[in-house]
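One structure coming up, written as C-alpha cells, with questions to follow.
Naming follows writing order (A, B, C, D and E), and every chain is counted from residue 1.
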Amino acid sequence: MLELRGVNAGYGTFQALFDVNLDVKAGEAVGVIGPNGAGKTTLMRIISGLIRPSRGSIKMEGIDVVATPSHKIVSLGIAHVPENRRLFPRLSVDDNLKMGAFMKEARARYAERLDVVFELFPRLKERRHQMAGTMSGGEQQMCAIGRAMMSNPKLLLLDEPSAGLAPVVVQQVFELVKRIRASGLTVLIVEQNVQQVLKVVDRAYLIEAGTIRASGTSAEMLASDTVKEAYLGV
Amino acid sequence: MLEVSGLVKRFGGFTAVNNVSFRVDQGEILGLIGPNGSGKSTIFNMLSGTLVPSSGSILFAGHEIAGLAPHRIINRGIGRTFQIPRPFRRLTIFENVALAGFYGQGRHSRVKAEEAAERSLAMVGLPTDRHASVDGLGAAGLKKLELAKALATAPKLLLADESLGGLDEAEMDQAADMLRNIRDELGITIIWVEHIMGVLMRVVDRVMVLDHGEKISEGLPSAVAGDPRVIEVYLGTDAETTQAAAAEARRRAGG
Amino acid sequence: MMGQGRLAAWGIGLAALIALPFVYRDPYHLHILVLILIWSFAYTSWSMMGRFGLVSLGHGGFMGIGAYVTALLWNHLGLSPWIGIPVSMIAAGALALIVGYPCFRFRITGHYFVLVTLALSGIVLQVITATRDYTGGSLGYTPNRASGNKLLALQFDDKTTWYLIALAIWLFGIVVWHWVDRSMARHALEAISEDEDAAAAAGVDVTAEKLKITLLSALMTALAGAIYCQYQMFITPDTVSGIAVSLQMVFAAIVGGLFVSLGPTVGAIITILLAESLRIGFGTKAVGWDNLVYGVLLVLFIIFLPKGILGSVLDRLKPQRKVSPNS
Amino acid sequence: QDQAKEKKIKIGVVFDLTGPLAGGGSELNYVGAKIILDHFAKTGVEGYKIEAVYADAQSKPDIAINESVRLLEQEKVDMVLGFFSSAQCVPVAARVEQLKKFMWITTCISSAVFNEKGYKYVFRPQASGDQFGMMTMDFIAQNAKEKFGKEPKDLRVAIIHEDGAYGVDVSKGNEAGAKKAGFNVVLKEGYSATAPDLSALVTKLKRAKPDVIFHTGYNPDITLLLRQAREQGLKFGALMGHGAGYGVYEKLKEGMGADAAYIFNADPISIWLANQKTMDPKLPPVIKMVGEEFDKIKPGVAIRSAHVGIGASNTYLFMSDVLPRAIKKYGGVDPDALRKAALDTDIPEGGTMLGFGVKFYGEGTPMAGQNERSFPVVIQYIDDKSSVVWPKSQAQREAVLPLPKGTTYSNQ
Amino acid sequence: MQAFLDVFDIYLLEAVINGILLGGVLALLALGLNLIFGVIDVTWICYAELVMIGMYAMYFMVQYYGVSYFIAAPFTVLLVALLGAALHYLVIAPLLMAPPINQLLATGGVLFVLQSFATVAFGIDFRNLGIRLPVLAFGDMNFSYARLLSFVAALVGMVAVYLFMTRTFTGTAIRAISQDRQIMALMGVDAKRIYLITSALGGALAGLAACLLVLQYDVHPFVGLSFGPITFLICVLGGLGNFIGGFIASFLFAEIISLGGLFSDLEWGYVLAFAFFIVMMFIRPAGLLARRR
C-alpha cells in the first residue's frame, strides 16, 4: 500500500533521513522505533507531505505522493496524527472533528463518520462542546485520533500516541490501536514505548540517525540483538 | 520543610485541586503521580507562584508563601522545571542558565550567577561553552536545560515536572540518575511528577497520588503500587505496568 | 565589552560628527541633520522597548507630553525649559507607570498591548485638542520667543548650537541603549518577551523589569518631544503626538533594524531622507507621488529586509553573529 | 555669474496641494498666485527676471516650516509668498523673521500671526480673522430689528468653529462682535476639523435653539455638520460662514444640493464680484485675464472661486506695486529693500482687485505688518450665484434673511 | 430639579439614539476587521483605507458614470473583495511567518500607498455622493435614514458572518487556521486558499461598509484616519474574533462618544471612550463577553 524508496529528507542544510526504504501492506500494523532524534517524526511528516523529501519516491497505492500537493494527500487516504496531538485548542471537540472531515469526499459522509468516531470514543461525544485545549491529555489524544479518523483514511499514521499519558491511558491507547487495526485500517505507528508497541504491530522498523538499522516481525525485533544493543541499551 | 494544607484551586466553576494537604521533609524525593488532568502541574504552579491558590496554605521553611509572586518564591528557594520545556531561544544555553542564576538568587552578583551557571550545566551534563545555541538541543537536551535553569537558582526544594514521555529509555535512566545525584550531592529536596512508573519508582522515597484534584493515596512506593484505587484510576489493570512498578518498589524496599 | 577596533571607530566617527558643522555650514542640510538626530533619539528610545516585543503605539503620547508640558509651562508660567523638561519627563513617566503597571500586572501582551497603548496616544492627542484654550487645539502651539536669556529659555537661532545639542542627545540615547544591552536586564527582557511564565520561574520579576524599561523609554521619548519643540519652536498635536507619530517611530525603528544600536538611527536617516528627497524630487509637478513611492518602498523594505536595513546588512557581513551577542 | 543673479528675483511659493486643506481652498489660491506669477514671468519686472519655486506644504504645518526653510536656505529664494492655513502662517512667519527674510502672506487670516509680535519682514494685505468675525456680527446687528423683529438682547446666536488658529481667531471676532451688539450667545464651541461625527454638536445646537449660527470651518466638516443638522432636524434663521470651506460654493452645492442656498459667507470680495466702476482702471483687464486663465485650468466651474481671486490679487499687489518700488527706489530685492518698499505702500480703497486699499501698520504698532485698510465683505449664495450683501457700500442686492419658509433649515 | 430636567430632556434621548445609530456604523466597520484581525490574526492597519477606496468606487460609479446606487454597490463589494485578496497575496502572504509587528508595518505602508494613490488618482477634493435620504422624525427627534440602514446592514451582516463561521466547514477552517497553520494540510485544507477566501471576505465586508458610509460622509483620501483606530479598539473590546462582542462594543463606544460629546467638548467623548477601553482591558482582557479568567 505504502512504499518508500531511497528517501532523503532534512531541514535546511541538516539531513535527517538517509536513503530510507519502507513498505506497509494493506491491513498491516507497522511500528517504527528508535531513539530520540532518530528521524521518526520526520519520516511521518514526509509521508503526509508536511515536509518534502529531497530525493526518493513515496507511493501510496501506486500514486506518487511526492507529486501530490500536501493538502491533497489526505484524499489519498493518509491521515496523520501528529506528535503532541496538535489539536486546535480554542475550537470545540465538534469543530476539531469537523476539521478532520474538511475535504470534499469526507464532507459528504460527515454524519456517518461522526457516528463511527463517537462509537470508538464515547468520551468525545460527552465532551463534544468542550474546548479541545481544556481537555485532559488522554482525551486530547482521543480527539486527535478521532479527527484523523474523520477523513475515512486507509492508512493511519500515529506519532507517539502514548507520550505523556498516564499508564492506564497508555493501555487504553494501545487497546485503541488494536481496535482500529481490527476494523481493517492500516496503521503506521511511531513509539518510544517499545515493549508495548511491539505487542500491537505485525512488523517494525528500527531507525537510528536517519537510517533504517533493522526490520522484521515483532517477535524478530524483540529477539534481535541489534535492537537490544542499539536501542534498548541493555 | 514544606507543609501544604487545604490547598484548593478553582478555574471558574471547575475545581482542579481540591483540599490537598501534604508535607515534604528535608532531603526527600517525593513522587507525585495521578491521571492526566488530576492537578499535578496545577499544584506545582501554586507552589512556585505561577498560580495563586483559591484557598489553603503553603508553609515553606516555616513561612507562608501562598500567593507570593513567583520571583519571590524562587528567591526563597523553590525552583521548578516545566513539563514542556520552555527555553529562551533568543539567549544562548549559557545565558539561559546564567539568567536564572542571577535573578533566581536575588540579583546579587553577576559573577556569582555565571559561576552557578557553569556548575549547573556541568551537573546536568550540558556543555558550559558560552556560545552554544539552544537550537542545537534535542528533546533530552531541553529537559536537561530546564533542570540546569532550576538548579542555578540554588533551590532548597526542586519541583521537577519531568514527564519523561517522549524520551527513549536510555535518556530516561539518565534523567532519573540525575535527579538522584542532585539530591545526594547537593542535598536538594525534590518533588517529582512522572508517568513512567518503572523509572519513578526506582528513585522516589515516597509517593503521593492525585485523582480529580484530590489526594487518594500516599505512602511508600510499594504500598501505593498495591493500592487498588491507584491501580484502578492510574496504573491500570494491565499486569505488566503494575507488576513492574510493584516489583521495582519491592526490590528497593528489600535492598 | 567592545573591541578596541570598534571603540576606535566610534571615536573617529564621533569626532567627525562633532567637527561637521564647523566645516560644513549649509543651513538647510544642517537643519535636516538636526531633525534626523532628534528623531533618531526618539526612535532609539522607542526601540528600547520595542526590541523586547513591547510594541508600544503610545509613544506619540509620551512625546506629546514632553513637548506640550514643556511649552505650556514656559508660556503660561514662564518656567524655563531647564525645569520644564524634567517636569514633562516626570509627567510622561508617571503616565507610563499608570498605564504600564496594570498592563503588565494583568499580562496584557501582544495585540492587546499594542491597542491599549494606541488608545493611550489617542487619549493624549484628544486631550491636547480638547484643552484648546490652553494648547491651541488641533492646529498647533508656539512657545513664546524669549525676550531675555536665550540659554535660560533653551532657544537658539544658531543651527550649529542645535546640531551639537541634538548630537549630544542622540549620543546619550545610543549610550543608554548599549548600557541596557550589556546589562543582565537585557537577558531578562529577552526571556520575558519569549515566555513570561518561564522567566518568572527563573526568578525574574516580570512586572518590575517591564516597568523599568517602559519608564526609561517613556522618559527618553518625552525628552525627545521637548527637544523637538524647542528646536522647531512650533508643535501640533499631529506632529508630536498621537497614533501617526507612534506609527512613524515603529516604522523607522523596524526599517532601520530593531536589534542593533544604530538601527533606529539608520531608520531615521532613511525615512527622513527618503521622504525629503521624494518630496523635493517630485515637487509640485507630480503631486502626491512622493508618498506613494514612500509607501511602496516601506512595504518592500519590510517584506524583503525583515530585520531592518542595518540588521540585514550586519547579518550578511557576519552570519554567525547571533550566536555570540555577548562577546 | 553675479551679473545674471543680480537681475533676477526668486520667489518661493508655498501652498497645500495635497491633504485636507488642498481641497479646502489652498490649491485654488495656488492657481491664482501662479497665474499672476506666470504673467509677470513673461514680462519681468523692472528688468528683473521672475522665477517662482513652488512647494507643497501637504496641509501639515511642520512640512510648511520645512519647505519654507528649504526654499530660503537651499533654493536661495529671495522671499516666500503664499500660505493658506493660519496654522502654517504662525510658525512660518516666526521662522522667516528669525532668518531675516521677506514673507508676503496672501491668504491666511489669523491675527495671531502679527499680534504683538513686532515682525519686521512679514506683510499681509489680507484682512485678519477677527475682522471676519466682527463683520458678520455687525451685519446681523444692523439687520436684527428689521429682519428678525427682535431686540439684540433677545437674539439667540451660536458660535461654532473648527479649533485651529483660523477658527479660533474668527470666533474671537464673533464673540467680540456679539458682545458689542448685545446678543444672547447661547452656545460657543470649537471642534476638531477631523472629527468623524458631529451629531452631538448638532444636538447641542438644537437644544440651544439659535436664531443665527456663526460657523467657521473647512471642508468636509462643514458638509458633515450641515448634513447631520438636516438629518437631525436642526432649524435656524440664518447661517453665517466665514471663508475657507464656505468660500467654495461648488463643494457646498455638491454636499447639500439646494440646501446650500441662502448661506452667508464673509470673505474678501471675489474679484469677479468687485465693483469695477470704483476700481483703478488698470485692474479690470487683469481680472479678465485671471478669469480666462482660470477657465483654461479648471473648465466648467459654475462660480469662479473667491479663493483664486485672493491668491491672484494679493500676488498681483506685490508684483505690481511693492516689487517695482523695491527695485527702483531701494535698489534691489534684498529683504530690507522689499521691507522698505512694502512700508511705503499706500493704495486707496478701490486700488486692488479685492476692492480694499493697502497701507501696512508700521513698526511699533501691535499689528505691525498687517494691512490696515483691508476689509472682508458678506456675500450670500442665492440661485447659484454669490452676491455681496454687506457692507452697504459694496452691496449688490438685498440679503434674504431669515431663511425663507419651506427651506430645509428654516425655523419660520 | 430644574438642572435635572435640563439634562434629561428629549435631546438626551436623541443623543442616546444617535449613539446607537453611530454604533451601527462602527459595528459595520468592525465586522470585516474582526474577521481578519480577530479570527485569522492578521493585522490590516490599512483596513479603513480599503473602505475609503470602496467609497471612491461608489462615488465614481454613481456620480460620474450615473450607475444606480444599487447596481454600483455589489460592484464595489466585489472590487474591495478583490483588493483584500490582493493585499493578502502581495503583502501578507510573504509575511505570514514574520512577527505580527511586521504585518502591522507592511500594511501601514499600504496605508500610505492607498492614501497617496487616492490623492494622485482622485485628487484632493472632498467628494460627495449627493444622495439625500429622507429623515425620520418623531416629534422633536430626528434620525438619519442612512444610519438606520447601516445599523440594519451591520446586524444582518453580523448574523450572517456568525452563521457562516460556526456552521460551515470553511468557516470552521477559518477559525482554525490561526491556531495551527502548519497542520492545516493534514486536514486536507489548502491554507493559502483559506487565507485568500478570508481576505476576500474581509474585503467584501469593508466594501459593504463603504457603500453605506458613502451615504453619510464625504470621501477624501484621508477619510480612513477618522475611523481606523476606533475600529481596532472595538474589535479588541468585544473580544478578538467575537462577532457579537464586537457588535455590542460598537454601541458602547458610540454611546460614550455621543453622550460625552453632548455634555462637553466633542473630544472629551473620545477621551472617555479610549479611557473606557483601557480600563476594560484591565477588567475584561479577553473581551466584554468573556468570563473572567
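Basically, a contact is a pair of C-beta atoms (placed from the backbone, for glycine too) under 8 Å apart; a residue touches a chain by one contact, two chains touch by 3 or more.
Quick caveat: nothing in here was measured; it's all calculated off a predicted structure.
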If a chain touches chain A and chain D alike, it appears here: E
Relative to chain E, chain with the most remote C-alpha centre: B
B-C or C-E - the one linked by more C-beta pairs in contact: C-E
Geometric centre distance via CA averages, chain E-chain B, whole Å: 49
Whole-Å gap separating chain B and chain C, where each centre is the average of the chain's CA atoms: 45
Intercentroid distance (Cα basis), chain B paired with chain A, Å: 30
Rounded Å distance between chain C and chain D, as computed from the means of their C-alpha atoms: 38
Sites on chain C at which at least two other chains make contact: 129, 132, 287-288, 291
In chain B, residues with contacts to at least two other chains: none
Multi-chain contact sites of chain A, meaning residues that touch two or more partners: none
Interface residues, chain D side, partner chain E - complex: 17-20, 22-23, 27, 189-192, 194-201, 203-204, 206-207, 219-220, 223-224, 227-228, 230-233, 251, 254-255, 257
Chain A partner contacts - residues on chain B that touch it in the complex: 33-37, 83, 138-140, 163, 165-171, 173, 195, 197, 233-238, 240-241
In the complex, chain C residues that touch chain D: 26-29, 31, 129, 132, 136-140, 142, 145, 157, 232-234, 236, 238-239, 276, 279-280, 283-284, 287-288, 291
Chain E residues within the chain C interface of the complex: 37, 43, 45, 91, 94-95, 98-102, 104-106, 108-117, 119-120, 124, 225, 229, 232-233, 236, 240, 264-268, 270-271, 274-275, 277-278, 281-282, 285
Interfacial residue positions of chain A with respect to chain B in the complex: 34-37, 135-139, 160, 162-172, 192, 194-195, 231-233
